[in-house]
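Everything on this sheet refers to the single structure shown next.
Think of it as A, B and C in the order they're written, each chain with its own count starting at 1.
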Amino acid sequence: MATGSTDGVAGTDRSLLGRVRGRLEGPNTVGNSRGFWAGFALAVVALVAYPLVGSGEQFSLFLVLALLGLSLSVVWGYSGVLSFGQVVFFGVGGYAFGVVSINFPDATGITGAVLAGVALGAVSAALLGYFMFYGGVRDVYVTIITLVATMVMNTFMAQTAGSEWTIGEAALGGFNGMPAIPLLELGVSGVVSYQFVFNSIELFLPAVGAVEVDPFYYLALALLLATYLGLRALVNSDYGRVMVAVREDQDRTRMFGYDVKRVKLLTFTLGGALAGLSGVLYAARNVYIDPQVFALWFATLPVIWVSVGGRKSLLGAVLATIGIEYFRLSIEGEMALVVLGALLLVFIVALPGGVVPWVSDRLAGSELEMSEIDDTDAPREVTDS
Amino acid sequence: MSRDGISRRKFVTAGGAALVSGLAGCSGGEASDGATTDTMSSADTVKIGVLEDQSGNFALVGDPKHKASMLAIQEINNDGGIDGKEIEPVTRDPQSDNQRYQELTREFINEEEVDALWAGYSSATREAIRPIINRNEQLYFYTTQYEGGVCDETTFAMGPTARQQLGTVLPYLVEEYGPEIYTIAADYNFGQLSADWVKVLANENDAEVLDEEFIPLSESSFGSVINNIQDADPDFVMSMLVGANHTSFYEQKASAGLDIPIGTSTAMAQGYEHERLDAPAMANIYAGVNYMQEVPTTSNTEDGGFVDRYFEKYPDAPYLNEEAETNYFSTYMYKEAVEQAGTLEQPEVVEALESGISLGTERAPEAPEGEEVTLDGATHHVDHHMWVLRADEEHNVEAVENRKVPEQFLSETVGCDLREESEQTQYTPVDYYEEAE
Amino acid sequence: MVNGLNLAFQFLDSFAFVVLAAAGLAIIFGIMGVINLAHGEFILVGAYATTVSATSLGLPLPLAMAAGVLVTALFGVVVERVIISGFVPNWIGQRTVGRDLVEPLYDRLADSMVATFGLSLIMVQGARIRFGNSIDQIATPFGNVAYGEFSYSTYRLVLAGVSVALLVVVYYVFTRTDFGTRVRATMADEQTARALGVDTDRTYMLTFGIGSGLAGLTGALFAPVLSMQPTLGSQFLVEAFVAVVVGGPSVVLGTALSGGVLGAVNATVTNLTDSTTFGRIALLLTAILALRFLPDGITGFVERVRTRREEGE
């Protein structure tokens, strides 16, 4: 079991830290020990410090995409709905952000555009989800419908090049993408606002000197951490248990009196909102969005990330997204794609449950072995007189 | 482009440059006023970034671009470099993926600190990286044929525009065959805008567009398109089909027995269909382009000419395409501009480019497409030497017309002058011509 | 009248495309529960093998096509043994560390998607490395059918005929031969089939080989009409998946019916709106509606109607 450590008595510990940990831990996520949280804290510190040594501007892309991976993990890993359509909500969120922010290009408007993107991601997911789940579509057919929905968006958006395809001031742009998206500035105009994209914060550190860091990186990091912890709390809550029950056996859960369709719809909507948020950040970061986000290739990527990372693990989704995307960007040369394909093949065939659960099992397994040795020693000590 | 704050890379390379500069030797030409002191701020090499597709959907047309850039760089280096400085090419494969293009562009600008960047095949790629280019005020050469209209302060669109290409082949075909035109085009920005230009040009040449048909990029079955053409019975067809799937049209039209003349800006010159497809698929196709491998100028086809030099460096290359030539001569134009400016600092080089660069000098030899090729400083576009090339039943290509065609839309109709006013816009014909509606 | 003929030919064209795109995939998905995202690349193998046989080896076209099918079928068997069933890795594992290394990918939808996606990356880039960005195409055989001011490529009509013939042959194999019965038994209930003496392992291998061979046939047949580039497989993928799932559990009938319905929708909407884009979107939307209102696909719906009517009698 995942709770390999004996100091997992966090739930009973009445301190604030203990209560928080109690919320965030449970059988539905890996890492329920002090060791895990120590490592987690270390990782957070490392990520905060990363822009000092590496390119925060570039790494922020992986953080943004990790949100997309999380959205699929929630929908698939925790409700059993394999959705190829997360990129639909991703794209809808991004385009919505573009349209609203172009029409209202001041700080208030842009902040509103962010909310609009998330909201539209959620709404479109709700609509598609209602159409599918309340229509009795199950299993692989859900997957295919989401895939076809992605294809429809791709075909449709690619031909919106003409000037008639304009919402207010915003031209959809067709295949060439949406031009002139304003730079992300959050806040209320005239009161307090800050520009996150194409901006830099100058820090003065002792012994290193003046260093420039990218504020968007920290925005993305903060949102990713908040989302991850929030999702941890959610899946370890009562509702999370219902989600997992739906994933494991829909019919049995229904017979226990739970409204399975509603659970799937709500989870799917949440997934849409997260994907929408990821899309908003993506469009904001790149100051651009185009129909390539609806392409089959891009629709498959989240499935790849979550499968390799471990679909039943939020941490797996995050780590795999960042790892795979970083690897994909770094490799170079003729054989690059061949190597990538081979790695995917080997990973999924060798570790079908994903990397993080495998690692977590190994760590838990080694602890059990130790205690087993202890147990077998004990009787001998007693009987050996 | 200059950035505040200490860049470690800059410091190291400047230090290294100080050591190496003593061994660099004199520059090749006389125009080295101020060169030695100004260029000490950057390294003793010229960093040229080349981001062209070598895999993915656009590999077929992107790879020759990469190769031609490397050829030009090699030739310039063998000849003493730019102002005595060697060119260091920085290249990676963007795999026809716009997201990747954006990341690599960021890397080339921020980490590699390239002095000039050549990047991208499709217009979508150009638009995807333009925000980054603009933010960093990076000197950027876009060398593919495209719809036209980009008036951008640091972008130099060196390829022919739709108006230049269609404006060369359409009038010729109207004269040869008659005034009734049927347009088929890829259903996206470039195709739609090119179709608009067909309407504008038809109006200017007393011709008429009977109908237009737009086909999605993913489509490879053209039975209905062929039937529609037969139904409309035009004098000739204007085809702006793009991509691998659309290549099937020519094969299918030939096997359906449709032998109407077709004018095109996209076929043959980029994807060399006349070599890949069996004759007579491309028979009676007229390409309006600035360059094809078969262009009969001395600098291109003579012994030791461009074609010979390209295939000597790349004996296994299948074809020398339109965009490759643009990559090639634009590198020489850059060299000319740097030597004229006397520095690698990008704002000054942009200014030198804006003063108007001509080829056919010692520093920048004649372009393979023709003698009279000039960079129009005001619009950042090129007055190309355009050709109409026809493929016959055996797929032999011959040039039937050629002349210099200046950039017209931005300079005359829109009035874009980047020397006077800074801009970052793309204009479309719909806003200026009624008949493009 | 003449326009009716146009519509008919365009429908046949669309029908042939969908059926041929889907054929191999339907068998593999229907029988093994494996989603083969490398399906387009199997078509690529068939197309390239055919083209290379015809141009470099100088084989006449029918022989070149046969070669294309054979090469793809063999390749499919290799893929099945190494990746899908894990037979080869497990054989190595048994001999080295004494246990199975991997699990078969049957009925593991998501995992088979990831694995075959990786495979497709390898195949596309491998083709690019080995053959370059394009290879020369073979000419389309036969001429054209002229009627009035219109004409249609005879070869495209031949393809329509081949697709129908293909369906008939596959139907015959699956319902009238021993092998077909064994395959259907394995598909219905693998455990029982094995208990009754069916070598399910070998059945899977042969089925995947046949499915791959069919994909290779699609590549071979379309070789004269497509641009020979490593990415040529991608244009078949969407139609193939959509047709397979809309078709439902019955492999032959399902593919035929969905090919018919989707092809008809595509051809009709394209003709009415004069826009290939909207024809395509209509095809995709039809698929979504079909999946929503006929959750077991077309043939599942037919089955239910039939059982209900039988019960009603």
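Methods note: a residue touches a chain if its C-beta (ideal position, glycine included) is under 8 Å from a C-beta of that chain, and two chains touch if they have at least 3 such contacts.
Please read these numbers as outputs of a predicted model, since none were measured by experiment.
Engineer: When the contacting C-beta pairs are counted for A-B and for A-C, which pair yields the higher total?
Structural biologist: Pair with the higher count of C-beta contacts: A-C.
Engineer: Determine, using the mean of C-alpha atoms as each chain's centre, which chain is farthest from subunit A.
Structural biologist: B
Engineer: Measuring from the mean C-alpha position of subunit A to the mean C-alpha position of subunit B, what distance in angstrom results?
Structural biologist: Roughly 40 Å separates the two chain centres.
Engineer: With chain centres defined as C-alpha means, what is the inter-centre distance between subunit A and subunit C in Å?
Structural biologist: 34
Engineer: Which subunit C residues touch at least two other chains?
Structural biologist: 125, 238, 277, 280, in rising order.
Engineer: Can you tell me which residues of subunit B touch two or more of the remaining chains?
Structural biologist: Residues 55, 187, 214, 216, 218.
Engineer: Which residues belonging to subunit A are in contact with no fewer than two other chains?
Structural biologist: 155, 159, 334, 336-337
Engineer: With touch defined as at the start, can you tell me which subunit C residues reach subunit A in the complex?
Structural biologist: Touching subunit A from subunit C are residues 37, 83, 86, 89, 101-103, 105, 108-111, 113-115, 117-126, 129, 234, 237-238, 241-242, 245, 277, 280-281, 284-285, 287-288, 291-293, 295.
Engineer: Quick check on the complex: what are the subunit B residues that touch subunit C?
Structural biologist: 55-57, 59-60, 63, 187, 213-216, 218-221, 223-228, 230-231, 233, 244-245, 247-248, 251-252, 254-258, 271, 275-278, 281, 316, 318
Engineer: Taking the complex as given, what residues does subunit C use to touch subunit B?
Structural biologist: 6, 9-10, 13-14, 17, 125, 128, 132-140, 142-144, 146, 149-156, 224-232, 235, 238, 267, 270-271, 274-277, 280
Engineer: In their shared complex, at which residues does subunit A touch subunit B?
Structural biologist: Per the stated touch rule, the residues are 55, 57-58, 61, 155, 158-159, 161-163, 173-177, 179, 181, 198, 202, 209-212, 286-288, 290, 292, 329, 332-334, 336-337.
Engineer: List the residues on subunit A that touch subunit C in their complex, please.
Structural biologist: 76, 82, 131-132, 135-138, 140-141, 143-145, 147-149, 151-152, 155-156, 159, 296, 300, 303-304, 307-308, 311, 334-338, 340-345, 347-350, 352
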